[in-house]
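In the two complexes that follow, subunit A is the common piece, with subunit B as its partner first and subunit C second.
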Partner chain A sequence: MSTKINRRDFLKIMGWSGVGAALAGCDMPSYVTLEEGRETVTSYVHPEEFVIPGIGVRYASTCQQCPAGCGLHARVREGRVLKVEGNPSSPINRGKLCQMGQAGLQHHYNPDRLRRPLMRAGGRLQEITWEQAEKLLLQRLGPEASLKPGRVAWLTGTVSGHQAVLLDALLESLGSPEGHYVHEVVNDVVSQEVNRELLGDPLPRYDFGAARMILSFGADFLGASVSPVHFATEFGGRFRGVWNDPEAFRKGAFLPERERGVLVQAEPAMTLTGANADLWLAVRPGTEGVLALGIANALLVKHRRDASMLPEEVRRLVARYDLDTVSGITGVAGDLIVRTATWLHERTPSLVLAGGPATGQEHGFQAAAAAMLLNIILGNVGRTILPSGEFPFPQLTPRRGGTGDLLAFAEKASQGAVDVAVVSGTNPAYTAPAFVGFAEAFGKVPFKVVMTQFPDETAQLADLVLPLRSPYEDWGTHVAAYQAERAVIGMQQPVMTPLYEETRGFGDILLSLLKARAVEGYQGFADYYAYLRHAFATFAQEFGGEAVGEEAFWRRVLQEGQLRVPRRPGRLQAKAVPVRLPEPRADTEFPFHLVPAARLGLWDGRHANIPWLQEAPDQITKVVWGSWAELHPRTAQRLGVEEGDVIRITSPQGSIETRVYIHKGIHPEAVAVPMGQGHEAYGRYAQGRGVNPLKIVDAVREARTGELALFGTRVQITKVGRRERLVRMGGAETQHGRKLVATITADVYRRSEGGGEHVA
Partner chain B sequence: MSLKNLLENWSRYRRGHEQGGYHDYEHMWAMVIDLDKCIGCNACSVACYAENNLAVVGEERFARNQAMHWMRIERYWDEPDLERAGKLEHGEYQQYGASFLPMNCQQCNAATCEPVCPVAATYHTPDGLNAQVYNRCIGSRYCSNNCPYRLRFFNFWSYYETSWPKPLDMQLNPDLTVRDKGVMEKCTFCVQRIRAAKDKAAREGRKVRDGEFQTACQQTCPTTAIVFGDLLDPESQVSRMWRYYEVELGKTEQHKRHPERRGYRIMEELNTDPCILFLERVREV
Partner chain C sequence: MSASESFLMEQRHRPRQCEAGRGAWGRGWWALVVLLCALAFPAVWSPAAVRAAEVPNAVPPEGSYDGKHVPQPIEFPHDVHVKVNQINCMYCHTYARRSPVAGIPPTSKCMGCHSVIATDKPRIKKLVEYWEKNQPPPWKKVHDVPDFVHFTHEKHLRRFVFNNPGMDVADVKEVCAFCHGQVAEMTVARKVKPLNMGFCVRCHEANDGPHDCWKCHK
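And then the complex of A and B:
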C-alpha cells in the first residue's frame, strides 16, 4: 500500500474533500453497512468509525468503463477498493457487470496513471504543480483571457448529468455555446437518425420479453452496443423465456414461462451477438438493406402479409427484390432467406434491429430504414418497440456523438479557427483515422488542454495535461442513453481516498473555471460535491416523499446509487419510406471490405491498458495480447495463407500488417481486424502491441448524417511472407467428437422443459 | 493376481465414487451452467481474476500455456450433435454461431487429481470441495497431469514480482493469498465467500441460506447462466435443478426417466463424478 494512503487518515482526507458527510453504504439506513453483520467480538484496533479491519463495506456508484451507466457496488476494505459488483437494484444492469466493468479496478490502480499535471516546455511535457497548472488554465480560459466568440472547442466522450450542465454553462460563458464536440467510435448515430425520422424517437425501448424473434442486421447488442449488460440480461432472461427474477428463481422457477425466442443475425463478420444466433447469415458487406427488402418481399409475396400500411411506392420497391435477385446480391442462400421470412411470419411480434456494419456504410441510413420497414410490416412498432418516454430533466440527458463530431472538430482546428481546445474522456489521436490528419489539425490550436487519467496519444500532443481523478475517486451523476423500464439518474461517489493528491475531478475543474469566470449561480459552492448537494436539495422536494429531509434524501440516493425518476409517456409513429440502395460495386483494386471490429473488451482501445482485459481471450478468436485479421477459409486458400501468416491490408489511406486467423464466421469478401491495439502511447500494457485498424479507415461518410462510414472501407490484401505465432487460448477448435458443448434442437426442447407449461 | 481379480478390482475402482468419500458431508457445493444462456462474454473470467488474485502472465507465458484463468470460456466451432442429426446444410459458414463452454474446476467427487498427490495437498473437504492446500503443495504437478479437464494451474514463476506493479497490488483481495512459484492452484468455488457465509451463519446459530452468497463468476454473469448452491439442501436452487434434470451425484450411469430433458456432466464417462451440471445449448434449426 502506498504510504500516502494512511488508513488512519482515511476519513480526515475524505472530510477534506467533502466526502465524509456522505459516506453512505447501501443496505441499511445507517451511515455504513457491515458486510458481515453484527460483530460480537470487537477489535481494539478500530482506526476510525467506518474502518473495521477485516470487514468490507459496500458503496454504490456508477460504472464509467463505457457510457451504458451500469450501477456498481464497490467493496472497500481498510480504505481500499477491492472489487466491483453490479448493483442489484439498478434497472440497467440488475446486479450484473461485463468484463470491462469488472476491470475498472485496473484503470483505477493502473501503474501508468498520471500523478501530476504536465506542461509543454521546450517541446517536452514536464511535471508541474496544480497551482501552476491552474494559473496556465486561467490565463487561457479565465476572466482575463481575451476570447473571441466561437473560438473554444471542447472534445469529449459521452457526457451527461450535472457535468454536462456545468460544461454547457462554461461553454456559454466562454462565448462558444456550440463548441462541444462528442466523439465515440462505437456509436449509433445513424440508427438514432433513422429512429428519429421513422419512429419519432431516437432511441426507443426494446421489449425483449414480448419479442418472439429478433432479426439483427449487424446490431451487436450483446457486445459493442449502447447498453450491453442490460441487453444481455434481457436476452438470457425474458427473451429465452426465463424471467430471472431472483425471488422467483430462488423458489425454483427456473423453467421458461414462455417459448424460447429465436435470434437470427445477418452480418459480414461474426460478433458476440452473432455467435449466439440460432441462425447466422454471412452477408456480403454493405448489402444488409437488400437482404431486409428481400425478406420483406418474401413476407408480402409468399406469406401474403398485409401491406396496406405501406405507400404504393414502397410496395413497388419491395416487389423488385425477389428471392433470386436478393440471394445474388447478398450472397445469402435462398432457402435461408425463406426460412428467416417464415420464422418472422410465424413469430409475431418480433424485433428487427440494425447497427454496426449495416449502418456504417455510405447508404447506412437507407439500410437501417429498410430494416425498419420490416418492423412496420410485422406490426412490431408499439409491441416490441416502445416509446422511450420523455426524461424529465433534459439538461441532464447525455450529450452523445460519433466520429462525425471528431471530423468537424478537426476541420475547424485545421482552419485555425480554434484558439483553445480541451479534450477529455476521449483519445482522438488514437481513434482518428489517418485521413483526418488529427495531429496536424490539433497542432494548429495555440493552446491544447487534455484532461485524462493516462498518458495517452492525445496527451502527448497537449500543451497542458490535467490528471483526472479516477471514477472511483470522483463525484458525478450519469444519465444513460438507453433507460430500462424505470429511468434513473446514476450516482457516482468516491469509494476511496484519491490515490494521488495532485489530481482533480472533472466536475471540480469545470466548477473552478465557472467560479473564476464569475458566472452567475456558481459562486457559493466550495466544490463539485457542494454543487451536487445543492442540486439534490431541489430533487428532495420533488422526489423525497413526505417529510424526508434533504440530508436523509441525499443519503438514501447515495445508498441506492441512483435516483428513480418518472418519465412522461411518449408516442411512436411508424413511417414507411422508400429506400434507395446501391448495387454493390466490384472493385478490382480493393476487392475486400474492412470490418474494424469493436469487442466487449478493449472496446475502442480505451481498455488496452488493462492487463486483465489484454489477457482475457477475445470472445470469437480467443487471441490474447495482440491483433489479428479474420479471414474466411476460402479467402485464405485463395491468398495462400494459413493461421499465423502475416498479411498486409491496404486501403487508399494506408496499410497495416497483422497475423491471420481463419474461421467460417466471416464473409469471404470481408477481413475483420479488431479495434483496441496499436497504441503508440497509453502505458506499458498498451504501447507497441498489434495494429490499429481505425488508422486505415477510408474517408467515406454516411450520406444522411455525415457520420463516418466505419465499415465502408475497401482494402486489398497481400501476403507478406512472414509468420508470427498467434497466441490464443486452447489448441482445439473442434470438440473431436467429445460431448463438451452438447446441442439439442429447439424441437426437442419444446417437447420437454421449453414448452412453457412446467413447474419444477 | 489372476485376470479375474484384476478385472474385479478395476471394476470396484471404477465404481468407487458410488460409495462416496465422507459420509457426513456438511455441504455439497455444486453448480448448474446453462449453455443456452451463456453468451461467452467472458465477464465471469475477469470477475474471477479480480476476486481470486489471479496473476496476469503476459503474452510469452500465455503462449506456453501458463495462463492462470481458473474460469475460462472455451469456444468450439463444430456442432457434433447437429452434424449427427444431419442439420448442417451450409457447411461453408458458421451457421449456428459458436459454441461457448465456461470451464472452471469441476469439483469432482471422485477427483482424479486427489489420489495422485504425494503430499495430500489436494484433498476432499467435508464441504464436497476439491481443495488445494497451498502450504502443503510441493509442485509435483501430478494432479494437473491427471486432470482430464486441464483446469489446474501451476505457478511456474513468482508472479507477484511482475503481475501487480504498484499500485495494482492495492487491489489484491486480502481474504485469500497470492500464490508463489511452485504451487498448484485452481478454482475453489470462491471458498473465501463460502467461509464468510458459514461463519456468519454459525454466529447467528443457523444454517447457510440458499442464495445467501454467490461465487464471483455467478454474481457477475449477465445472463444468469450460472447457478450455485448446496446439493444437500433439498430446497436449494441447484438441488431443484439437479432433481429436475435427473442427474445424480455418485451414480455411474444416469437413468433419466425423461431423457429429453437437458443436463449432462462433461466427460462423466470417466467417472470423475463432477459437481457441475451443464444444460445443453439449444438451436432452432
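And then the complex of A and C:
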C-alpha cells in the first residue's frame, strides 16, 4: 500500500476518527466540568487537625531522582502531592532543588507506571497478583529454594541507608555476599581511585569558599556530578563571592564577602560547568592529562614554584612537557596555557578537579593523577581539599559503582554462573553498550527478577517484574556519597498514600524475603516502617539526648527530613606519583572522538519518560524532545553538513544516526551526542525518540580500575543525505550583520582599561 | 445548559447598569439608594425582618440561575439544619473562614451529633452505614468555578463578615446566600446563582471589590 495519502483519503480518515472520538466520548467520564452533579467532592472521615482542605501541608523527605541525596519539602493538598521544593535545612541542597528533582512528580504520576506484578508466561509478560508474585519469588529465593553459594547476583543503582543493610543481610543469607553489583553510568569511579591512592580519601570535601580559582579538567560539577545542587550553591555563592554564610544567604543577605573566583574549564565538549567558565579551553579529547602537566611545567619553570615536595622522577617528567609540546598535543593555544598557569600562580589556594571526559579514557587514572599533581604543587591539599571524615555508621554508607560492575555482572551471567538475578534501581538493558551483549548474557540466567516502577528495557527481559512504590510513597534512609560540612542521614517518608495498591516498597520486599528465610534479627518487624522505627530508637539513645523520648525524636527526624550525625575527623596525605600519558594516536579509519554527554536533565536516560524534562531545553544547545550531534563549525564545513543534516556516527561497535547541531563549544575532533534518548521501551514519552550513544561505546577500559572508558570511543562520521528539523528554543547566535549589540573582541577589551586580570 | 450558554443568557438579562451611571458616579448612586433605604425604613420594618434580610455595607450581587436538582447519596436536609435548628453555616463548613474552599464537613462531624440525634431516621441510618465502612458519602459537587479562576471563601468572609462593622456572625447565611441562595429553604444544595464572570464583576463593582484581572486569574 502506498504510504501517500491524498486529500480525499485524509478527509475520510478524519471523518471516521472524528466519529470514533465522539463515540468514545459518550462513556468518557468528564472530570473537569462546571456542570452540577458530575464531579464528586470527598470529605475526610476523620480529619487531621492540621489539615485544612484547600491549603497545602509540607512533608520533608529525600529526593531520589539521582544519588545526591538532596532534602525535599513536598507540598500535599487533599492527599495529593502537588509540588516538591528543596528543604532549606538540608546541608546538601540548602533549599534548592534541580529540575530533575522538581520533575520527580512526573515519575510519581507517570501514566506508564506499573500497577501490577508481571510474570512471563508463554513468552509474554502477563499481569498477576502480589500473592502469586510473592510465591514465585519465594520459590527461587525463599527458604526452600536450593541455592548454591555465589549463584545469586543483585544489580542495583546506588543503594545506601537501611536498604543497603537489608540487602547485605539478604545476600549473606542467600550465600552470595559478593553478589551485589552497583551500576551507575554517571560515576566517579576513576576519580575515587586517584583520590584514594594519592590523598587517602576516596571523596574528599571541596571548600569552594576558600578557593580563589577552579581549574576543572572535564569535571561537570554543576551538571552531571556526585552532588550537582550542592556544588552549584557553593559555586554560585561562596566561590563567586555572593555570600559566604548559608544562613545569611537564606535570609536574603546578598553581601559580596570576597572577590569573585575564576573558573577555567578544559574539556572536549562544553558542559553546563563549561558554559559558566571564565575561560573555556577546547582540549583534544584524551589529552587533559598532558595539559595538566603543561600547566605544571609553566608553574615550575615560568613562575619558579617550589617543587621540593615532588620526587625527582616527577620533576623530570614535568620538565618534559614544555609549552610547545603541550600546545601541539592538546590543541590549546600556548598563551591560554600560560594565562591559566599565571592565574593559578597568583590565585592560591585554588582547586583543580578532573572528571568526565578526562577520566573516562584508557589512561583516565593517569590524567586525574596529573591534575592532582597540580593540587599538590599549588598547596591545595588541606586548604581547599579537605578530609571528608569518617561517617559514624559505615554500614549505612552508599554502595557506589560504575559500569565496571555491569561488565562483571554480564560476564558472570554469560558464563551461566548466575541462577537468580535481581535488577533494581537501574536499567542495564538500556545503558549497557552493544558490545556487552547484555540481553544475551541476561537471557542465560534461569530466573530474572526486575523491580522497577516502569516498563523499562530491562523489565522486558525479565521473568518476574515487581512494581515498586514511587519514592513519594515509600520509606527509606539515604546517605549521600558527598556530605557537606555537616553530615546527615536523609529520611525518606511517604508523602501520600500509594496510587496503586498492587505495588510494594523496596525495603518491604527485602524485609519480607529476610523474614521468609528466617534470618535472625528481622522476625519481629511487621513491615519496613517498623524496622526503621526500631533502628531510629537506637539512634534516639545516641543522638536524642536524655530529655527527648523515642517518639519525639522520631517525629523530629521526620519533620526535619534528616538526622545530623557527627563525623570523626579524617586526614589527608599528598602523594605525588609519576604519571604515564600516552601520545594521542591518530586514527585514519575512526578520526573522531565520541563524547556521550550526560546532562542535568535526562541524566543517563532514567528521566526520558518525564515530559517536563523532555520539554526543558538542553542547557547548551536548547534542543527539546530529541537527540542531536554537536559538531564544531570547521568540522561541519569539512563534512559538508549544516544544522539539521542527518549524520551517521559509526564506531567499531555499531552506528547511530542523528541530526547535526553546530556550535563552537566543542573540539573539532570531537562529536558529542547527549545521553538519555533512544529508548526502545520505558513508556510513551521515552520510547522511539532519538538515539542512544551508549550503544556504540567501544570496549575500552580504564587501565587501573577496569571501569568502562566512556569517552574512549573513536568514531567516523558520514553524511546520510537526509535532513530533519532540529527543534530548539532560543534565537539566533549571530547578529546577522545588524549590530544589535555593540561588541569588541576580548583581546581589545583586555588591552583597554576595562581589562586586567578579571577578563578571560 | 453549558457554562457559556448560561453566561450569554445572563448577559441578556443583565440590568443596564453601565448606562445608568458610569464608574464612581454609578457606585455612588447605588450607595445613595442603600443609604436612603437604611435611613427611611427601619421605623416601618419589624426588627426581625431587617435582621433576616440585610448585610451591612454590602450590595448583594444580582443574577439568578435555574440549577437542576442534583441527587446526592443522602438527601441532606439543609432546611432542617439551618431553618429549624438554627445551626450556623460555618459550624459544618468550618474551612470557609480559613481556606479557599468551604469544604464538606468530615463524616466524624456528622456523627458528632448523629450518634445520638435522630438515629432512627432512614437518612441517618444510611450515614451510619458509610461511617461504619469508614468511608465518606460520595457527595456530588454543585457549585464550581473553572480552574483558571482563583476564588477564595476566606477573603470574602473576611470582607463581608469578620471585618464588616455591624455584621453579626450569626447572620452569616445571608452572606453565603449572595452566591449560594437561600440554602435554608433547600434540602440538598441547588445552584441558583450564575457564578460566572459577569456575576462576579457586578458584585465587585457594586461593593468596590478589587478590579485587577490577576486577583482572580492568577
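Note that in this section the second predicted complex is superposed on the first by the 670 of 760 C-alpha atoms of A that agree within 3 Å, B and C clash if a C-alpha of one lies under 4 Å from a C-alpha of the other, contacts with A are read in each partner's own complex, and residues count from 1 in each chain.
Definition applied: contacts are C-beta pairs under 8 Å (C-beta built on N, C-alpha and C of every residue); 3 or more make two chains touch, one makes a residue touch a chain.
Here the structure is a predicted model, which is why all the values come from computation and not from measurement.
A.B. asks: May I ask you to decide whether A:Ile55 touches subunit B, subunit C, both, or neither, giving the answer as first, second, both or neither?
C.D. replies: Touch status of A:Ile55: second partner only.
A.B. asks: Quick check on the superposed pair: does A:Ala169 touch subunit B, subunit C, both, or neither? Answer first, second, both or neither.
C.D. replies: Touch status of A:Ala169: no partner.
A.B. asks: Could you look at A:Arg738 and tell me whether it touches subunit B, subunit C, both or neither (first, second, both, neither)?
C.D. replies: Once the two structures are laid over each other on A, A:Arg738 reaches subunit B alone.
A.B. asks: Counting residues of subunit A in contact, which comes out ahead: subunit B or subunit C?
C.D. replies: B
A.B. asks: Under the stated touch criterion, which partner chain does A:Ala368 make contact with: subunit B (first), subunit C (second), both, or neither?
C.D. replies: Neither partner.
A.B. asks: Once the two structures are superposed, pull the subunit A residues common to the subunit B and subunit C interfaces.
C.D. replies: 35-37, 40, 54
A.B. asks: Taking the touch rule as given, give the residues of subunit A at its contact with subunit B in the complex, in rising order.
C.D. replies: 1-2, 5, 35-37, 40, 54, 77-78, 80-86, 93, 95-99, 101-103, 105-106, 108-111, 222-223, 228-229, 232-233, 235-237, 240, 242, 244, 246, 249-250, 252, 254-255, 260, 262, 265, 270, 272, 274-282, 333, 335-336, 343, 499, 600-601, 611-617, 619-620, 622, 624-626, 634, 663-665, 684, 725, 727, 729-730, 732-735, 737-749, 751-754, 760
A.B. asks: Residue numbers of subunit B touching subunit A in their complex, please.
C.D. replies: Contacts found on subunit B: 35-37, 39-43, 45-47, 49-51, 56-59, 62-63, 67, 69, 72-82, 85, 87, 89-90, 92-101, 163, 165-174, 196, 199-200, 203-204, 210-211, 216, 219-225, 227, 237, 240-241, 244, 258, 260-262, 264, 266-267, 278, 280-285.
A.B. asks: Which residues of subunit C touch subunit A in the complex?
C.D. replies: For subunit C paired with subunit A, touching residues are 2-3, 67-68, 70-71, 95, 98-101, 103-108, 131, 134-147, 190-191.
A.B. asks: Sort out for me which residues of subunit A touch subunit C in the complex.
C.D. replies: Residue list for subunit A touching subunit C: 32-47, 52-55.
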